[in-house]
Every structure is written in C-alpha cells, then in structure tokens.
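Contents: one structure, followed by commentary.
Going by the order they are written in, the chains are A, B, C, D, E and F; count residues from 1 in each one.
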Amino acid sequence: MEAQLTCFIGFENEFEESKAVLFGAPFDGTTSFKPGARFAPNAMREDSWAIESYSPYLDKDLNDLKLFDYGNLELPFGDKKNALRMIQEMTQSIIDAGKIPIMIGGEHLVSLAPVKALSKKYEDLNVIHFDAHTDLREDYLGEALSHATVIRRIYDQLGDGKVNQFCIRSGLKEEFEWAKKHTHLEKFTYNTLESCVRRLKDKPVYITIDLDVFDPSVFPGTGTPEPGGINFHHMLEIISFLGRLENVVGLDIVELSPKYDASGVSTAVACKTLRELVLATIK
Amino acid sequence: MEAQLTCFIGFENEFEESKAVLFGAPFDGTTSFKPGARFAPNAMREDSWAIESYSPYLDKDLNDLKLFDYGNLELPFGDKKNALRMIQEMTQSIIDAGKIPIMIGGEHLVSLAPVKALSKKYEDLNVIHFDAHTDLREDYLGEALSHATVIRRIYDQLGDGKVNQFCIRSGLKEEFEWAKKHTHLEKFTYNTLESCVRRLKDKPVYITIDLDVFDPSVFPGTGTPEPGGINFHHMLEIISFLGRLENVVGLDIVELSPKYDASGVSTAVACKTLRELVLATIK
Amino acid sequence: MEAQLTCFIGFENEFEESKAVLFGAPFDGTTSFKPGARFAPNAMREDSWAIESYSPYLDKDLNDLKLFDYGNLELPFGDKKNALRMIQEMTQSIIDAGKIPIMIGGEHLVSLAPVKALSKKYEDLNVIHFDAHTDLREDYLGEALSHATVIRRIYDQLGDGKVNQFCIRSGLKEEFEWAKKHTHLEKFTYNTLESCVRRLKDKPVYITIDLDVFDPSVFPGTGTPEPGGINFHHMLEIISFLGRLENVVGLDIVELSPKYDASGVSTAVACKTLRELVLATIK
Amino acid sequence: MEAQLTCFIGFENEFEESKAVLFGAPFDGTTSFKPGARFAPNAMREDSWAIESYSPYLDKDLNDLKLFDYGNLELPFGDKKNALRMIQEMTQSIIDAGKIPIMIGGEHLVSLAPVKALSKKYEDLNVIHFDAHTDLREDYLGEALSHATVIRRIYDQLGDGKVNQFCIRSGLKEEFEWAKKHTHLEKFTYNTLESCVRRLKDKPVYITIDLDVFDPSVFPGTGTPEPGGINFHHMLEIISFLGRLENVVGLDIVELSPKYDASGVSTAVACKTLRELVLATIK
Amino acid sequence: MEAQLTCFIGFENEFEESKAVLFGAPFDGTTSFKPGARFAPNAMREDSWAIESYSPYLDKDLNDLKLFDYGNLELPFGDKKNALRMIQEMTQSIIDAGKIPIMIGGEHLVSLAPVKALSKKYEDLNVIHFDAHTDLREDYLGEALSHATVIRRIYDQLGDGKVNQFCIRSGLKEEFEWAKKHTHLEKFTYNTLESCVRRLKDKPVYITIDLDVFDPSVFPGTGTPEPGGINFHHMLEIISFLGRLENVVGLDIVELSPKYDASGVSTAVACKTLRELVLATIK
Amino acid sequence: MEAQLTCFIGFENEFEESKAVLFGAPFDGTTSFKPGARFAPNAMREDSWAIESYSPYLDKDLNDLKLFDYGNLELPFGDKKNALRMIQEMTQSIIDAGKIPIMIGGEHLVSLAPVKALSKKYEDLNVIHFDAHTDLREDYLGEALSHATVIRRIYDQLGDGKVNQFCIRSGLKEEFEWAKKHTHLEKFTYNTLESCVRRLKDKPVYITIDLDVFDPSVFPGTGTPEPGGINFHHMLEIISFLGRLENVVGLDIVELSPKYDASGVSTAVACKTLRELVLATIK
C-alpha cells in the first residue's frame, strides 16, 4: 500500500531515528502589506517533489540523512502571543529529543519562538539573518510583536553582538543607526559573511532566511517585494559559506507567500534553498 | 485643473454638505483562511468608475445625493483592539456631525465598531445581516474578537431579538442551536426578509452585508468562498425590500478580497451592490 | 502532411465553396475601462477545438455546413477611422462574393463597419442587439466613434425602428429616454424577443452580441463586467428564437477579453455561443 | 504535539476503525485539452479546512463518521495501464478490508479502476454518472483508454442497463445514438434521477461525479469547461436523491484542475460536494 | 480624523508649498500589443506604501522634500490629440507655478506633452531617454502619434543632438540608421551615460524612463516585454549618474501595466525607481 | 484581402521556396510535474508579432530569409509512440524536400523524433543540448520514453561522443556518473561550448534547447522550474557561438508552458530566442 500524505521530499524517516525535524508554522497575522505566508509550508511540501533529493552542487542527497516532517501546527490567527507560545513548545520538544528544528514560516515573526527555546539551551546562541528588511523597530504601529520588529525582539533575547544581518536594503534611518551599535548589519551585500562564519565556526548558530532577501525577479511570491536583492547563484555561495559552520542548532525559512506567484517559481526557489541549506548544515 | 485622487463614483461632495460619509476600514487581521480584504476599499474606488452613477433599476442617480468619501483609515495589523477603537472613533465623528456612516471593510470583525458607536445614540438599534456564515461563536480558537464571532459580539451590544440574519449556510451545529433562542436566523434564503422589514420600518437599522452571502460563482473574490449562495438578481430583490426601511442609520459591506479575483468581477459586484444599497436606503 | 495553422473548429472549407466567412477584427482602441478584446479571435480559434462541432441542442454539426475562416485583419491601434474602413472593405468583399460575414471582435465599435456595408445592399436592414449597455450616447468624452456610441451610429445608418435591443441594464438616464423614441429597447430581459423575431421573420437581419450581456459569473472575461445579466441557458433560448429568422445576412460576437479570465471559461462560452448561433441561423 | 500532515477535514481516524477510506489518484495523462487534474487531491485536502465538517443541509457532521485518508498514490505519467493497475490494487485492498473506497481524481479515466475492482465483488454493480460529456467513444484518436472513453470501458465491464448518465450536454452524435441502446442517458438535466434511485435503492451502486457537470460559472477549474451545466443548488438536490440509496459501495469525484481557478472557488465547490456526498451516502 | 484618499508615499504636502508635483496620465490608446498602462498611477500609489520613504542607498527621505500628488487626469480613450492637449495643459500649469512636473504614464506617447510644454520655457531643453525600443518611427501603421513614434516627435520639437537614448535593444533597421545622424543612441547598454550627464550638467534636462528598459525578469508588468534588459542594480547606478544633473526640469516614468503582473513586483520596481529618481534629482 | 491565420513572424513564405520549415509538436503526455507545453506553439505564433523581425544584435532580418510555417500537428495525448511516429514522418517529409526542420514543442520527448529522422540521412549527426536537467535516465517510473529519458534515447541513436550537454544543474547522481563515460556534459555553465562548436564546425549538428535552461526568473513559464540557470544575455552569447556552425541540419525549442506565466514574458523569451537562433544558424 503506497499512498501517503504529502511531506517534504527526503523527510520520510520516523521521528525517533531522525537527526532533524521539520515543521510548518503557518502564521501571518501581523503582515502589514500582502498576507499569505501561511500557505507556504504545504506549497513547499507539494512542489518539493519536482526537485531532486540529490544536489549536484554539494554532491549530497537528502535520502542519505535521517529527516522527519511533522506537518503543520494549527495556529490561532489574530493571536500572535498564543501562536508564538505554541511554536516555542513545538521547538522545545524537538530540542528536548536531541534533534535539530527546521521551521518553514509563516511570516518572519515566527522566528522569535525557536530562538527563545534555543537560547535557553545554548547560552552563547548566535543568529545569522538574511533579509531585505532590518526588522529592528522597537514597535510597529504600537505593536511590540510584529514581522517588522522580530529581529529587535531576538536581539532582546541574545544581546549585543549576537545578531548578524546580511543583504539588508530597506528600513527606517533610525534602524540603520541603531544597528551600528547593537548588531552586525551589512547593507546590500554579504561580503563579510565569510569572516562571520569563521568567527562563529564552532559556536551554536541559528540561521533565519527571510526569502525576500532574494530579488523579486527571482522570488516574486512574497508579501513585501523589495527590488535590488540577490540572485540564486548568490544564495548558493552564501550556503557554501554556511556549510563551514560546525554547530548549526536550528534554521528557518520564512515569508514565502505562494499565492502571489502562480507560476510556482518562488516555491521552487524556496524548496531548493531549503534542500541546499539542509545538505550543507545538517551533518 | 482636473486631476484628482480616486474616490468612489458619486461620492464627490464636501464633508459638510453631505448626507452620508464613506470610509474604508482595511483590516483583515483575524481572517482564518485567505486574507486580503484589506485591499477592498481602494479596489472598489478605482473600479467604481466602470459602472454608471445612474441605476436603471431604481431610476435614481448617486449624483443627485450629497455624498463624501473620506478615504481609508490607517489601521494596525495584528492589533484588533486598537483597530476597532479607531474605526469606532471615525464612526462616532460622522454620527456627531449628523451624517450616516457607510463603511467598506475589511473583514467582518470591523462591523462591530460602528454598531457600538450607533448603539450609544440609538437605544433601539436593530441589525440586518446577510452572510454565508453564522459568525455566532462565543470565541474562535480562544479569541473573543474574530470574523467568526462578530455577530455574537454585536448581539452582546444589542440583546435578544435585535439581530436578523439571512441566507446563512455554514456554521457549527451549536451556532444554529444558539441562534434559535437569541437571533432571527433564516437558513439558506431570505423569505422572511419582507416581514422583517415591515416590522422594522421606522426603527433605526444598521445593515451589514458580508459579500460571501453571494454564491462564489457570482463573487469569487472573498476569503472563505462558500458554495450555495444567492445571485445578483436576488440581491436586487433584497435591496428593493431594504428600500422600504425609513431609518437606516448606517451600513457596511465587507469581505471583498479583490486579489483573489483577477477578473475584477467581484469588485464590480461589490460596487454595484453598494450603489444600489445607497440609492435605496439613503433618503 | 497534416499540420495546419489554427482556424475555428468546423471552418475548414475553402473560401469559394463556403456559405459563410469568418474573420477577426482585433481592435479595442476606444475601450474606456479594461482593454484586451483584441486578443479574442485567436483565443477563440484555439479553444474552439475543446468543444465539439456537433450540437446536441440543435442536433446539427458545423461540419455539415460550408464555412471558411479568413483569419485576422491587421488593424491600426489608435486610428479608429482607418480600422473601421478596413473592416468595412473586408465585409464588402465577402458580401460581394455572395457570402455571409461572421465577425469576431474586438470591442463593440467594430460592429459599425459590417452594418454600413450591409445597409448598402439591404435597404431594409434590421439589427438585433444583445448587450448589458445601451451604447446610445451621441458622443463619449467628445468622441463620436466609440464602444459607447456604436448603436447610436448604427441607428444613424438605419433610422427609427430598425434597432432592437435586449437585456440592457446600464446606461445614462438620457440614453434610456432617447431609446423610447428611436429604438426598441427592452430593459434587463428579452421577453419581447419572440414577437420581434416574428415581425422580422423574412427581413434582412444583422445580429450583434456584446458578450457582456452575460452575467459576469458566466462571462468574467470582458472589459466592463456588469452584474445582473443572463446565464447560458437564457442564451440557448435566445438562439432558439433567432433560429426562426429566415434571412440573417451577417452576425458578430464582440467584447471577449480573454486575458481577464485565465480559466478560459469565457472563451469557452464565446465559442459555444458562436457555434450555436451559426448552426441556428446560417441555413 | 499537534503538528500534522494535511488530510481532508474529518478524515482523521485510523484505517482499521474506519468505515470509508479516501485516497487520491493524481493522474491526468490522457487529458486532451488542459491537463492539471493531478493537483486536485492535495488542493482539496488543504482547502477542505475552510469549510465546516458540519452540514446544515443534512444536519450531520463528518466527525460523527469514521473516516480515514490514505494520501495519494504515486502514479507513472505517460503509462495509463500501470496507473490503472495501481489504482485497482489500492481499491482492492480497501474492499478486502471491508471498507468503502472514496477516490479523488485525477482525470475521469481513473474511475475505471475502482469499477473493475468492485465489479468482481458485486456481480450486480450499477454506476450513476454525472458529467458534461458522454465519455462513450469506442476509442479516442486510436486510444481505447482515455478520459473520453472511460464510461464506454465501464460499460464493457458491466453490460447493458447498468450505467446511468445525467446532465450530459456534449458528445459526438454517434455517442448519443449508441447510448440510446446501451445506457440510461438523460441529456442536459436529471429529471429521471429520482426514479433511477428508487429502482437501485438496495442494489450496489458506484457513484462517479465528473465535476464538469457543473456550469463553468460555478466550477471554472476544470480541463474542458462546457457551458450550460448545473449549479450548486442542483447538486444539493441530486445529493438528496442519492442519499436514498442504501448500498453505495464506492464513489469518486474527478476532473478538478485547481490551477485553472486561482480564486479557489472550484476547490471549495469540490470539497463541499464531497462532504455532502459522503454525509448522504456513507451510512 | 485620519482617513485619506491614497496618494504616493511622501507626496503629502500642499500644492503651494511643494517643489515638485506628481500627476497620473492614464492613457494607453495607441498601445499595439498589450494595453493596460492606464492602470499604473493608482497601482503605484497604493503599493508605494509598502516601500519606505527613506532610501538607504542615498541616505535621503521623501518626507524631507516638499511634494504634492495631484491625482489622475481623466483622459478620453481613443482621442490621442485631446489627451495630449490635456496633459500639456496640466504640465503647463505646474511649470507656471514654478514647480517641477513628475508624470506617471500611461503609455510612452504621453511623454510628448510635457516635453512640448517645457520646450517653450527652456529653449535648450535636452531629453535623456531609457527604453528597450527606439520609438523613432516616422509613423506607425500610418499614425504620426503613437507609442512607437514618440521619441521621433520629441525630436521634432528639440532638433538634432538633444535626444540621448540608452539601453535600446529593439527597433527597425531604419530607426537605428536614422538615429546615427540625429540622436545619441547607445545600443543595449549605458556606458556613455556618465559623459552625457557631464555634458548636460547644468542644462535643463527632461528624463523619461520607459520601464520596459528593465529586463522582463525584473519587470514583467509591461505591454511589450523585450528580453535582454537591465536589472535593478543597473538602474541604481543609472540614477546615481542622473543625480549629478543640476537642472532636471521634469521627469516621467511610463509603461507599467500592473494587471499583467499579479505578483505586484513590477509595481514595486516602478515605485522604488521613482523614489530613488526623485530623491536623486529633485533638489 | 489581408486577413490571415496567425503564423510565426517572418515565416510567411510558401513551402516550396523556403529554406527552413517550422512546425509545432504540441505534445506533453509524459510530463511528470506541471503539464501545459502543448500550448506553446500557438502562444509563440501569436506573441511573436510583438517582437521585431529585425535583430540589432546580429543586424539580420527574418524577412530576408525564406521561411515557412506549417502549423501544428494534431497528436494523440496518452499515446507517446504514435505521437513520435507522426512527428518523425513530418520531419522526414521536410528533410526529403531538402529543407531544414524547425520544431516548437511540446515537452522534451518530442526531440527524439527529428533526431531519428535526421540520423538516417546524416551518419555523423551530432547533438548540442541545453537544459537544466540531464534527461539521461534509462527509464522513468518504468517508462523508456519520457521527458526524463529523451537524451538517453537520443544517445541510443547516435552513440558515444555525439551528445554535448551544457548548463545541466539537476539529475540523479547516477545520471551524472553515466554521462562522464558517454556524453560531453558540462555542469552549470557553458565554458566548453566554444571549443565544442569549433570541433563540430562543418559536421551535421542538431540543436535542442529545453527552455528551462534559463533561470526561472527569466523563464517562469515551464513545467519544472529549476532555480540557478542562465539569463538572456548568456543565451545571446550561446547563440553567437552556435552561429559559427556551418551545418545546422535541424533545431528545436521545447518546454515553454505558457499558461504558467500569465505575464507573457516566457513566451517573449522563447520567441526572441528562436528569432536569434534562426538568424544565427540558418544560412
């Protein structure tokens, strides 16, 4: 009997035997422009079967790893606090089982939850962050918890010098000023990524990729497209740097909004990015 | 100099001289399936110019009324309480100026705010409600304020016997049971609308139309399409009944999600419904 | 060798042997809302192959008629006079060869050209017109030639009592008033069509169908969707009445704008309407 | 831990305890116009969560039945014989476990497989078939196995008088002629359904619904839209008749092609049709 | 009271106090392939709120400039002469008030009007033109006024040596030959832009950007996509050169056709290009 | 009389006088992810009229060549063997008339047929292949004839060393291993194309371009988008190399699936690629 519900390609092992565990966090309740990131996890599961499990870039295969796909959390729209609590509990249970959490968002706010859970276990947790936007506001229209404040909230958890931001090309002037004192923020490019990776080589690192770091030509399916981003070859280079990290303790990929790209290209880019990222960093 | 920012057709008078005042409440933060109703007010303004201001059904013209279009409120996504407060203040200021508020949503939750403001002025306020869904849950995933609870919250304001619901075709069994005791709810059809209108003829009435009352074939551009609804000819008949009301003190039209209907048909239906409703009830 | 360029299904005979000749007039230069009718003829040719040539309604088959498809005219956008001249010449040459012209628009303005050509040959030419809009303006934004004036221009050719309009549901008050004196105009419905057909039974008749006569739920792919129209079963009844005419000397079908309906449904409706209309009236 | 892979709403029981078992047969390899039905099962699973499990029409709830969702078969495109063999084996295993198979296609050809499996168990198997198309060709472009021949192949299994077809509105003249002798075929409507159901009341019946039986205004998301079909209220009436059958031994719903209807309306119609059909016939 | 009709972000000052004045010219009546540029100004206004008013590239903010948004002209479709006259009058009134006109098209033909108005005031007016197409035909299908002839008509106003064209990659052989004698035309690239800007440093310059200068991967939402164009990083470099001009007397951005790019990416690119261009050249 | 059925721009000569003959092979029956390549030939014909026949890159014009467009073959879906046989016969008849076949697919499997026909005439036939995928499987889900096996089947015809593959970025590990022994396969790039062309300069060469060789940002309209491909400038460079070949005996361009890219950009890229390829290689 071979019928099965649709999981992400290669994530076909059992929970117990797996090294890393994938789950979807389909929440986009604070999106200020075009919502829809909630549809990302299932879109990626379905379309992942159109790519191969084998990477000719890395000469590795997802089927050679032990990986499990939990499916999606059912999260309450309009209640960001409860949604974050549920995501944090899920992450905690994966960590408690000694496995690495891999999350598909959802909007960027969801990243706060696994960072909270991981920072309890890893005192020295560092975050590497790719994005078009600073996400460093103290609040957004009066809200402390928002897709536009998430990295500031992550900073609140981790403190100065633990957040590393690359390819940022949009934000308030105040955010860029603030970042000069509290995070490592590289505008537009990722020239300093190599040295950052060297520095964090054996430290616990959480990787969060807001997919709008891609140029909208490469990745139109996102809520707030911001022209001037990177292309897929850049991402392959970024991942080859990230592959040098020896202690990646969690990762996420957020802000795919598949219904805004009927061609399915954005979903394909998200799937291939996740495949490469997993093959490079889960060891 | 004839250039101008785009308002709804016929709503071209000044505030002071106007009988009724239109504003947009572009909030959809609690939408549980497909969000996007926030884009409705501007989509309707733009496409309203493709219909005529004259109705051959009613032999009336919007240009013969005094109508003003305020534009949109800027509402905080992810903060439903503040959003509702701002909408209520806007409605209050329109009522205070002796004018009738006309609101374009947004998701259905926004209807709570004008009802709250109007119920202060009109002790005997009644609501006539068209919808596919009961919207009568006590809470939704733990949330008291939600598109799925809004009519229950309106009931909390107005009490037994003041809420009249038509064409309802989806809900929990519990909601239908509850309605038997507390509201007038007609399943599937609007056969009792004529007698309802006769009963409320000179009473203050607020009308709220969740556009998913239409069959999705007529109105695909909504977040939760529910097959089995009414067609446009039915809506014309409904409006001809509503035109017999002598004291409509406010009205809204909610849940158009224009990006889910690229053909623009849903927006056209919403615009023509609003034109007919205004011509029939604003006297 | 069986490859061939794509014609409308069943229109596969040679010019000389054919009874009726189809051509496309892909012009939409005066469209005031959403242009795109220029893409209709080729969209209909391609998708016509998804319907059958046989009609179970009429128990007739396009393959039993002699029909030829000329292809499309190449018309100058932004030059309505020249475009109309070229269409008129094409129609003239078809008439001169003793054949019946069948035109696919384009916007409604194109209908003026064949009427002009046919009115030279048939002194007593009558027009039967289905549309959502009156199209009776004297001018539109200063323009005498426009999609919104075309039936008025046709009236200028034919005079009082020769234009019969059905299902009209949008226009200026002035147009409806004017029509009372100069055309036969039935608002909303086609109850008087049967008697009209009886009256014109053996007279020369030109039929023009603006496809926005359909309700937008049935036919979303048009530039100015106007809610409240007819459904496909109504069109089948209309065509059964038209089938009683004994001297249809030309016909057209206009205002399909296929790119506004990605589902292809509107194109299917246009194709099946044309199949039925040809089978019923070309004898 | 509450995350889970996405099944159809209400189909959340285990295989062993279930009365009926759902599976997806995502094959569309013989589609002659617009392929894409392969994406139907997962689209329906995801969007089923936007409808309720409770039906106010039938006052029944899917959660009160024991139902299991197997997921999708992985079928070889371009190899219809193997695909049919795999579907037949799946159906056989469900029947062998004493459960009722419920299949989501895929194109209509997939219906042949469960009929083959069921006809081995039920000598007197009858089929009730709703469709826009006859599907009775002996072959299609030389192919004996095709979406356009599937009911003919089913006839080959069951013999004269066992196939009952309703609402048919397209086909070759030859097919309609052939049907007069071998099947019960009602053109356009379902007036004879009630008597058919009375006749088959306690006989084993397989129900197959080609969703293009709906008018394309109701259901645009299908490969071969055919204007002139039924609306959703008609389907509710059909299902109320089918609910009188006492021995429905299997059912399927085919030809949703979700990517051709970006609004999601067609998927909603398919989901609600399946909910009502299951609630009415699985007892 | 904070509701307002939607203007372009940062263009929120009053007319009198403003340095530059924006208006929309929604005309596309001569478009020969896919029309729809008429929808650009409002689409850009709405989506401009998804970008920031602050540019991290230039470290400047639109809110630090005095800018006014007039809204859209109402232009007659099918009457290019009157449309051009109305645009010219609007531009004239802005110039007369001592302000800089900023125009959003519409198709490229609209650029002729402001150039005519400005050339009366500035004897030595120069034009810098970015485009995929030469736009240098003497006439197009017999028409002297067309999107395909607009730069030739601008040349007629300004004479030899005043028109500077960059990134051109499509046209007739004759146009490229003609350009060798009469304009500065650089095929494919903008290597000579820097020297052009140096030469025109203190001269009055009008900038016109046909957005199809972008590669269609960056900017799919245009009527005539022409592969092989520039990316957004190139545009940022172009704007940094244009920022050295000291006397930009007007500018426009044309040929966004938003309905052909449902993802909204093209509109985002247009908005960000306009923000950067205004910040760089309005001083 | 100037109306005509729509052919590819510049392919307006008669068969007898032509040097090269174009035909469409609209087959996609083995597509495993998103079918739809069957719609490519007609989409390309229609949209080809939006590009010029003149190339400013090559300073050549299609109108200076003698080219004929046959139209499309009518191929049986679900019967790959018969489809291939019909394509082969078509190619054979073109070769027999001493002309060069140019084919528009369709999925990649169709390329096998012209190679079979040409390999009979040219003993030393070589193939140059651009693609995202290896297409070298021995079988795919048990099928020997598939889009995923086509280059392996072509290899079966031609033998070791005759197949040259460029830009390949997806496949099974086994395929890459197999290629090391039997074909010339360059991963990701085309650095060795220049030397390949030098080697094959006067040899008979067939060129097959699977358009998914482009990055999906450039070419979203394809069934299996694979991020990381080439851009249009790369393709122009590739074509300039191919232009040095002196004996191109046939060529094809496959896997455009136009309905997955509503913007029409992919079709424009396909058309311009074909124009450049024909101008460079047909001498």
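Basically, a residue touches a chain if its C-beta (ideal position, glycine included) is under 8 Å from a C-beta of that chain, and two chains touch if they have at least 3 such contacts.
The chain lineup, named per UniProt: A, B, C, D, E, F = Agmatinase.
Source: prediction; values computed, not measured.
With contact taken as defined at the outset, chain B and chain E are each touched by A, C. Put simply, the chain farthest from chain C by mean CA position is A. Repeating the B-E interface, with the same residue numbers in over half of the contact pairs, is the pair A-D out of A-D, C-D or E-F. Distance from the centre of chain D peaks at E, each centre being the average of the chain's Cα atoms.
After Cα superposition, the angle needed to carry chain A onto chain D is 180 degrees, rounded to a multiple of 5. Chain F has its Cα centroid 39 Å from the Cα centroid of chain D. In chain B, the residues that touch at least two other chains are 32, 34, 215, 217, 259, 262.
Contacting chain pairs (ordered by label): A-B, A-D, A-E, A-F, B-C, B-D, B-E, C-D, C-E, C-F, D-F, E-F.
Of all residues in chain B, only 32-34, 168-173, 176, 187-188, 215-217, 220-221, 224-228, 260-262 touch chain D in the complex they form. Chain C makes touch with chain E in their complex at residues 28-32, 34-36, 76-80, 82, 140-143, 145-146, 259. Those residues of chain E whose C-beta lies close enough to touch chain B in the complex are 1-7, 23-24, 39, 42, 45-46, 69-74, 86, 90, 93, 259, 262. In the complex of the two chains, the chain D residues touching chain B come out as 49-52, 54, 56-57, 59, 61, 215, 217-218, 231-233, 236, 262-265, 268-269, 272-273.
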